[in-house]
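Take a look at the structures listed below.
What follows is a pair of complexes built around chain A, which joins chain B in one and chain C in the other.
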Partner chain A sequence: MRAIGLSSYYVLVKEIASELRTRYALNALLMFVVTTLSVIVFSLGSEHVPYEIYCGTLWVIIFFSAMSGLSRTFVTEEERGTTLLLQLITSSNSVLLGKLFYNVILNFAITLITAIAYLILFNDFVVRTYSIFWLTLLLGSVGLASASTILAAIVAKANSKGTLFPVLAFPVLVPILLTAIKATILSVEGGMFNEAFPDFQVLISFTIVIIAVSFLLFDFVWKD
Partner chain B sequence: MISITLQVKNIAKEFNRKKLFENISFDADAGSAIAVTGKNGSGKSTLVKILCGLLEPTRGTWVLTVEDKKIPHEEYYKNIGLVSPYLNLYDEFSGIENLDFIAKIRRLQNPSTIIESVLEDFGLFKHRKKEVKYYSSGMKQRLKYCAALLHKPEILFLDEPQSNLDSEGISVVRTYMKQQRERGILIFATNDEDDLSYADAVIKLNSLNIEK
Partner chain C sequence: MHYLFKAASAVIITFVIIAGIGIPMVQGNHGFFEFPFIPGLEEKARNIFFHVPIAWATTLAFIMSMIYGIQYLRKQDIEYDLRSVSSAGIGMILCVLATVTGAVWAKFNWGAFWNWDPREVSIFILLLIYGAYFVLRSAIDEDGKRAKLSSAYSIIAGITVPFFIFVMPRLMGGLHPGSAGDESGKGPVLELKMSGMMLVVFFSSLIGFTILYFWMYSVKLRANRIEHQLKSQE
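Moving on, here comes the complex of A and B:
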């Protein structure tokens, strides 16, 4: 266990160092967030929109940034021929765990940036129960990141890399998205923290199932 | 010398029902050098990948034993090193950063001494801080050797050992091949006559490629 923890930590450090040098994902993600936010700002103008719409579009942005950025984690290794290097120096579980941590961190950072921009830009988007809001963002983005990590691993080995991803991702991610949107609406409506418990339970259990399935599947995916 | 044995029995590989090779059997133990040879496309690289535990064969078994302990296939990475044209190091990192990463993830004791000595041997010490994307193909090949040798593997696999190397590089590789043989098993895929004469057993792959 300790060995896996330590090697996955080095995989994580490698991912971060590599991202800071190459900016494979970060630039694309930030551009995506900035573009979609400006489109929403310009198209709404001074119109008043129901708060449910804001909650929905917030998660649409988080969803697509998770899908576009994180889906590249294994494809870049495959394209550059470094998959073989990782296979030769560490166990499959360490690779999966390291990549998973990296994606969770990256996705949560993007989620926070998007959410803060929402709070600043849209006057009609007022959160009343912040505890629900932040916890939903955390749980939702961890769930999305875990799902997109294993899907990215599957897609990197498939021949039709790009197209397969959203198709595979959709059914897995719909429950997470709908629950996250529901809890976000609750936070805007000023619901009590314990009213959001069932939603948190759904998000947590979905994430646990996804991660457990990931570890079972990854061995088959990782080696030819 | 510690006891290391590799027993390969009746390995066969097919891709899409096309037979690449079959009935590959041999035994090797510490001190032996085995060469794999055959035309382009005869399956040398594929056989090496299988023996490294990276690819499942269609049939057959192979067992690696170190000090009477049978190593599970998913743990082969601890005991083997591979230099292959299909292997790449991280372009955006320098030579020494790549080796540092490998040493850390393998949890080697005293990594900096080992790293410095292999870099020195392969003539990369003065280029160690250069990003790998600025390396020539020969320098990349040399760095792959450094990467494969850091942990002093029980079995060293070399797929086309000489590719991209100049005569000086080849002579360093020869030295390490000899050292490997003193320590464990050396398995290499090549068509070079000099290399072949160095082996004590040669496995010749005939292009089967027969439609089943």
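Moving on, here comes the complex of A and C:
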């Protein structure tokens, strides 16, 4: 158990180090968020739209930024040809755990940046219950990242990686997206914290189930 | 054996079509060979003999596909992958049929072909999942790899299905029986006040469509086996 913890920590360190070397994923994702935000700002202009639209578009941005960024962890291994090395030096569970943590950190950072930009940019988007809002962002992005990690491992072995990932991920991620949008709407409406409790239950149970299945299946996907 | 399957499903489904459409509905007291008149559903209640059994056969097909996917991962035998993909293909056809019969029912009961009711969302997602499954299969050339990855995907997608069937309808209000607004609260299974004759037709329809599924599945499986053999001979 301790060995897995240590080796997955090193996988995480390796991911962060190779990311900081080029900063490709981080920069690309930031630019993606800025671009989509400005598209939304331009298209809305000075119109007043219902707050549900803001909650929906917030999660649209988070979803598509996850789709463009999170598959890279496994795709780059295939592109650089380093898959075999990782297979040799460490167990598949620690690879999955390390990459899972990396994706969670990356996705949560992007989610936070998007949410803060949202709160600053849109005057109509007023969150009344901040506890629901932040907890939804945390649980939603953890769920998105954990489901995307195992799907990224599948996509990395297929031929057309770029287009395939969102196609595969969308149906799996719909429960998270619908629940997260619902909880975000509740936070804007100013609902009580315990009103959002069923939504959090769905998000947490979904994430646990997905991570458990990831550990069961990853060995088959990772080793040729 | 195959003829038995074919004949049985043909006889039963013919009986269901004739009885389901032909038997009159009467208000008040009804005899055994008549259907009761259910307020709110009226003549549209006849669709239950087709929509629900097809939806059941869809579920069966996808569960079989997932089980054979798990079997493939355990035994690494390509036969299980052929079974899995055959069942998924039949499930896809049945799923489209369930969507169409449901949409027709929705048009006449709820006013529109598509209302984004939670149950309609879930069958739409089911279509997307298996659409993605076949896209994934077509994106991989090597047989073993394709079998492995597609069974892994069908398991991951399969575990999200309970969230749609049991969790989402409870959270979001909807029109379909079993939704959050439904006062009977019995869950996804329809609790209709069915009379004796209705139950006979309904259960023979369930049996008929189940046999139809197994027959279609065995035809598809044999075709896939031959295709696989021809490909490996090249």
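By our rule, the second predicted complex is superposed on the first by the 224 of 224 C-alpha atoms of A that agree within 3 Å, B and C clash if a C-alpha of one lies under 4 Å from a C-alpha of the other, contacts with A are read in each partner's own complex, and residues count from 1 in each chain.
By our rule, contacts are C-beta pairs under 8 Å (C-beta built on N, C-alpha and C of every residue); 3 or more make two chains touch, one makes a residue touch a chain.
Just so it is clear, the structure is predicted and the values come from calculations on it, not from any experiment.
Chemist: State whether A:7 touches chain B only (first), chain C only (second), both chains, or neither.
Modeler: A:7 contacts chain B only, not chain C.
Chemist: Between chain B and chain C, whom does A:224 touch in the aligned arrangement: first, second, both, or neither?
Modeler: The answer is both, since A:224 touches chain B and chain C.
Chemist: Which partner does A:198 contact after superposing on A: first (chain B), second (chain C), both, neither?
Modeler: second
Chemist: Tell me which partner A:170 touches in the superposition: chain B (first), chain C (second), both or neither.
Modeler: second
Chemist: Is A:82 touching anything from chain B or chain C once the two structures are fitted on A? First, second, both or neither.
Modeler: Only chain B is touched by A:82; chain C is not.
Chemist: Scan A:18 for contacts with chain B and chain C and give back first, second, both or neither.
Modeler: Touch status of A:18: first partner only.
Chemist: Would you sort A:90 into first (chain B), second (chain C), both or neither based on which partner it touches?
Modeler: first
Chemist: For chain A, what residues appear in both contact lists, the one with chain B and the one with chain C?
Modeler: After superposing on chain A, chain A residues 224 contact both chain B and chain C.
Chemist: Which positions of chain B touch chain A when the two form their complex?
Modeler: Within the complex, chain B touches chain A at residues 49, 52-56, 74-75, 77, 80-82, 84, 86-93, 97, 101-102, 104-107, 147-148.
Chemist: Would you tell me which residues of chain A are touching chain B in their complex?
Modeler: 3, 6-7, 10-11, 14, 17-18, 21-22, 80-82, 84-85, 87-92, 94, 219, 223-224
Chemist: Quick one: which bits of chain C touch chain A in the complex? Just the residue numbers, please.
Modeler: 73, 121, 125, 128-129, 131-132, 135-136, 139-141, 145, 148-149, 152-153, 155-157, 159-160, 163-164, 167-168, 171-172
Chemist: Considering the complex alone, what residue numbers of chain A touch chain C?
Modeler: Result: residues 147, 150-151, 154, 157-160, 164, 167-168, 170-172, 174-175, 178-179, 182, 198-199, 202, 206, 209-210, 213-214, 217, 220-221, 224 of chain A touch chain C.
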